[in-house]
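Got some structures for you, see below.
Common to both upcoming complexes is chain A, partnered first by chain B, then by chain C.
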Partner chain A sequence: MDFVINFDFSSLFAFILFGLTIGVVYGIVALGISLIYSGLDIVHFAHGEVYMFGAFFGLVFSKTLGFPYPVALVMAMICAAMLGMFIERVFYRRLTKGGGGYTVAGMGMIICGFAMSIVLMNVAFLIWGAGAEPFHVDLGMPYQFGDITLPKSYALTALMAILLMGSLHYFLKKTKIGLAIRAVAANKDIAYLMGINVPLMISLIFGLACGLAAAAGVLIGPMQSVQVEMGYLMLLKAFAAAVVGGFGSLPGAIIGGLIVGIAENLGAAYISPNHKDIYAFLILILVLMFKPSGLFGVVARVKA
Partner chain B sequence: MNKLYKNCLAGGLAGVMVAGMAIGAMAADIRVGITMRMISENGQKYGQMVMDEIDMINKSGGINGNMIKPTLMNDECKSDKGVANAIKLINQQKVHLLIGSTCSSVTLPIVDITAKASVPQIIPHSTNGKITKKGSAWVFRVPVSGRFYAGVNAKYVGENIGKKIAYLCAADAASQNDCEAMQKQMKAQHGSEPAYVAQVQEKEVDFRTHMQKIKSAGVDGILIAALAETMARALIQSYEAGIPASVRRIGSSSASNSPVPTIAGDAAKGVFFAAAYAAADNRPIARLFNEMVKKRYGVHAPDHDFSQAYDLVRIVEIALNNANLKLDSGSLAADRTAIRDSIASIKNYEGLASGPISFCAAATPQCRDGNRTAVLIAYSKGGKDYKTEVLARVTMPADFGL
Partner chain C sequence: MLKVSGLTTGYGKIQILRGVNLSVAEGTIVALLGGNGTGKSTLLKALSGLLPVWEGSIEFDGEPIQNLPPHTIVRTGLTQVTQGKDSYPAMTVEENLMLGAYVRNDKVAIASDLERVYSFFPRLLERRKQLSATLSGGEVQMLVVGRGLMASPKLLMLDEPSAALAPKIVMDIFATINRIRKTGVSILMVEQNVRMALLLAEYGYIIRDGVILIEGKARDLISDPNVKASFLGGTVVDTSREIKA
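Coming up: the complex of A and B.
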């Protein structure tokens, strides 16, 4: 298909709105990726599958067990957090003990993440099958802004994302556990010396990150349905968001998510709708070329 | 005593060998290779139906006393896996006949392999017009070709809905072909140019930008050509974007698959599409088939991929019965040719398909697109207990759309 420049500016607001609603979801997943990176200096490549598991957990709580949607969201977050902590404790702990980032153990951890991604996908396939599952949430009539129709699920997604980010910010900045997590993220050895239970904090980081991924999965469910293969593309987009915002930067992850979401929607609307996924990765490449540390990231260095 | 024992043993062994050879000469296996997309629940059930029907043939005595030995492989709708399956089935399993595949993008490269290896291939589900246009003398198609579907859809759309149509086309071979054929037919029949065309990824999940643009374009209808789950998402998002129900949603033939109404729910209501079989068909054979599929596979209403899998096995059964197979160690090539010629001689097979299926010897689409009857179906209710209604049934001329 040809690239067609089509300046349909009457719908510009709608395209930005769509970009924002999907962008916050990228941002939430990227937040988890950044959180794990800031704690362990590694990229968790099974995070897309945790997001998928979270969506299925939400579906089970909402559809099978009949919980209201917000309750299902919280329950899914708790289950995914427990899953993340279990994975970290049972499978990753031996490797993380050896170090993260640029160490051999760090590389092993990345490979282990890939393997975990395949394992989780196959487990999900065995439990829920390969077919897409509808995740209907009846929130009433959509909002109407002139010619633009905005379903309430989109607005709820944005609202929940802001709430989650606010809560995470408060937790990390204003609580003792948050302070301990930040200390572990800054320097694990010194954190040990300060009497912080580092393995527990790393488990908590994993739990938090996986809970966030689950929230994103439950929020996206009503928009896109739920499927075993849903994690792969989300991981790539969230990864792009984390890189654009600056790896390890929590506000950067959210801003990166919004940039990626808006860019792909505007690109699809005004450059070519046939290559929607290109725009996220084009931005990723440009950022890596001209500002490798990302918009809000620190200059890459090996931690002590 | 020892000599007597040895003589008895030798005699016994010789007897067993002779008896074995005699049995071997009397009954041998007809090896059938099957490669299908079995990554979804329904996909697995289509494959299972083929296996179950073959099993029933074997239980009722087989083909002239010979058993059919099927080997079912999953190609996951991936060309590389489909090609690997076909090569393995042809060269290692030495199959007499190849059934496959579900997806056009897989079937297309397999056609070249079966043509080169001189193995008859019969297709259960793939609709891409290019499959039979390749000119292979070894390929036969049981489903309705996309060119016939496009003709029926375009006629109905132009006469009943309007001429301003938007097209959302997924990147898989069948959807691309459906989209192109429909645009071609809308142009040929009504002089209509597309109001909006976009290609989307095979498993695209976010259509909102497209839907907003389609809404702004003020179209009469939207053709969504995609695999079932992708189509269901697009249908839901078309309503979320505020496109009214008066803008008719037209599906490609995969709209027949149950995930469309199941996932799309209320958004499936009013969607119409051309397919080979309607569960709402009132013929006694269709009623019995619906009951059988419901009982055996727990499917609310069978789609045309079930009926096509069933018809395919019946056609294979007829062809094998008529093929006069030798089935000895040196007759593989001759048996393959005999099966091909036997399938080519099938005329006016009446089964679940909405019209008769006929093949002929020439390696042309006119001869190898055996099913020319498309039935136009609309969903009158979405959700798990979805309902369909038949809008029209049309048999197309053999050379239509070429």
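Coming up: the complex of A and C.
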């Protein structure tokens, strides 16, 4: 049994550190899913594919066009945000035309999300093919903390993720548009009466969420590789993270992501690495059994 | 200032309003009265653009505004104040008020309007950093009225400002509505508290089953036997006397 590791604190610390790093990425995707859910009351099932597109955008900008990695990250975010707003405007919004808006269109919207996920995956397949593309980013030597070796891409990922979350928090709490987005999320009719252009804000929410997914894709690219099918597993894990944290809660999404990331790494290290992808859902089931509203979930959301 | 003619609308296929005519003159308070389910709130929703207008027209400041999107209508100076329960409970008092000023960009004027709202409602100043979920019913009502004022409206539409409030607080709110009118804002007030509303307003409309049943000067409506019979409890007293005799 070569995967049984002698227990020592520095390797435990390393697993937790890696778990946190991958966890913030789950957290970012979960943040987008939660943002769309809290804004529109729908679960966006094509979000994994937006994440995949983001990773490919990053690859194109950094490898093919030769932009520096941080620039590629930002540009991939912008492209994915535009892709998200395009999808929302052209496809999802049509479903709301029957009246009642997003909340009422729920079931149709979920099916449309699944369809969009398949369409996006096949479009990506046509453009980039089925193979896994390596995403090399040369960041230099890894950091060394005592016994622990931390690749620079991990450190950069954690840093960028924290930076993104911080700016999202600032944007939502301190700016006028952020206030308007929160108003639309809480109550669309009242937001209209405040003079807020609600459809525009919904587009913005989609763009923001898709931009975050793309950031996650570009951040995870150098750790794994970029391929067409990378989206659905990420969607499931980010979904698990969002539910663990409390669906619709933004801090909950991040904490949920961290929990899922750590659980995954510890499970792989101490139980079995062959079933790495199971632990997220184990946590999900446990949380649903004992605290169905999630760790930070609001049990009864106040909605008019 | 506001002129509604032949307005019909409803939810889905169910028609609620069946040809409503109503107007509000500049600088006045107009009361729209009626019981539950008579179409009062539906009319407000149609005026502010939340419901599509099926037939008829709405003219505000000489411009037709029917079927404009709600956020465009707010910019014309027609602001709806919802019931108190429709504040944003997860936002602070000040965030709620600043949302009211969302359509404006003049920072200096917004700041002075914020001060004016706080001078109308000193309780809101004390609680400006609190989440509005922590406010009492009366305070939330003050908050939504204040939020409406922050849009710097020409016409303020109030949806049952006295609903579910203690009599003392209703007095306060109505006194403030009167002060708001004196600053030059016209007011269309939807109310179930008929007596109080008619004491404050210049003109009144009584709506039932989606049509205007009676309209007239508030002073005349208070003494109108039909209004007395249906709203002010006149006949109840009379019949009880007959039963005893």
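One rule holds in what follows: the second predicted complex is superposed on the first by the 280 of 304 C-alpha atoms of A that agree within 3 Å, B and C clash if a C-alpha of one lies under 4 Å from a C-alpha of the other, contacts with A are read in each partner's own complex, and residues count from 1 in each chain.
The rule is simple: contacts are C-beta pairs under 8 Å (C-beta built on N, C-alpha and C of every residue); 3 or more make two chains touch, one makes a residue touch a chain.
This structure is a prediction, so every number in the text was calculated from the model and none was measured.
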Of the partners chain B and chain C, which touch A:Lys276 in the superposed model: first, second, both, neither? first
Name the contact category of A:Ala132: first (chain B only), second (chain C only), both, or neither. first
By the touch definition at the top of the document, which applies to A:Asp189: first (chain B), second (chain C), both, or neither? second
Quick check for you: in the superposed arrangement, does A:Val198 touch first (chain B), second (chain C), both or neither? second
Determine, under the contact definition given at the top, whether A:Ser167 touches first (chain B), second (chain C), both, or neither. neither
Quick check on the superposed pair: does A:Ala14 touch chain B, chain C, both, or neither? Answer first, second, both or neither. first
Quick check on the superposed pair: does A:Thr175 touch chain B, chain C, both, or neither? Answer first, second, both or neither. neither
Does the superposition put A:Thr149 against chain B (first), chain C (second), both, or neither? first
I want to verify the contact counts: of chain B and chain C, which reaches more residues of chain A? B
Sites on chain C touched by chain A in the complex: 12, 48-50, 69-71, 74-75, 79-80, 82, 85-86, 88-91, 95, 98-100, 102-103, 133, 147, 151
Sort out for me which residues of chain A touch chain C in the complex. 99, 176, 179-180, 182-183, 186-187, 189-190, 192-198, 302, 304
In the complex formed with chain A, which residues of chain B make contact? 39-42, 197-201, 203-206, 208-210, 212-213, 215-216, 229, 232-233, 236-237, 240-242, 259, 262-265
Residue numbers of chain A touching chain B in their complex, please. 1, 6, 8, 10-11, 14-15, 18, 22, 129-134, 136, 142, 144, 147-149, 151, 154, 223-225, 227, 229-230, 233, 265, 268-269, 273-274, 276-277
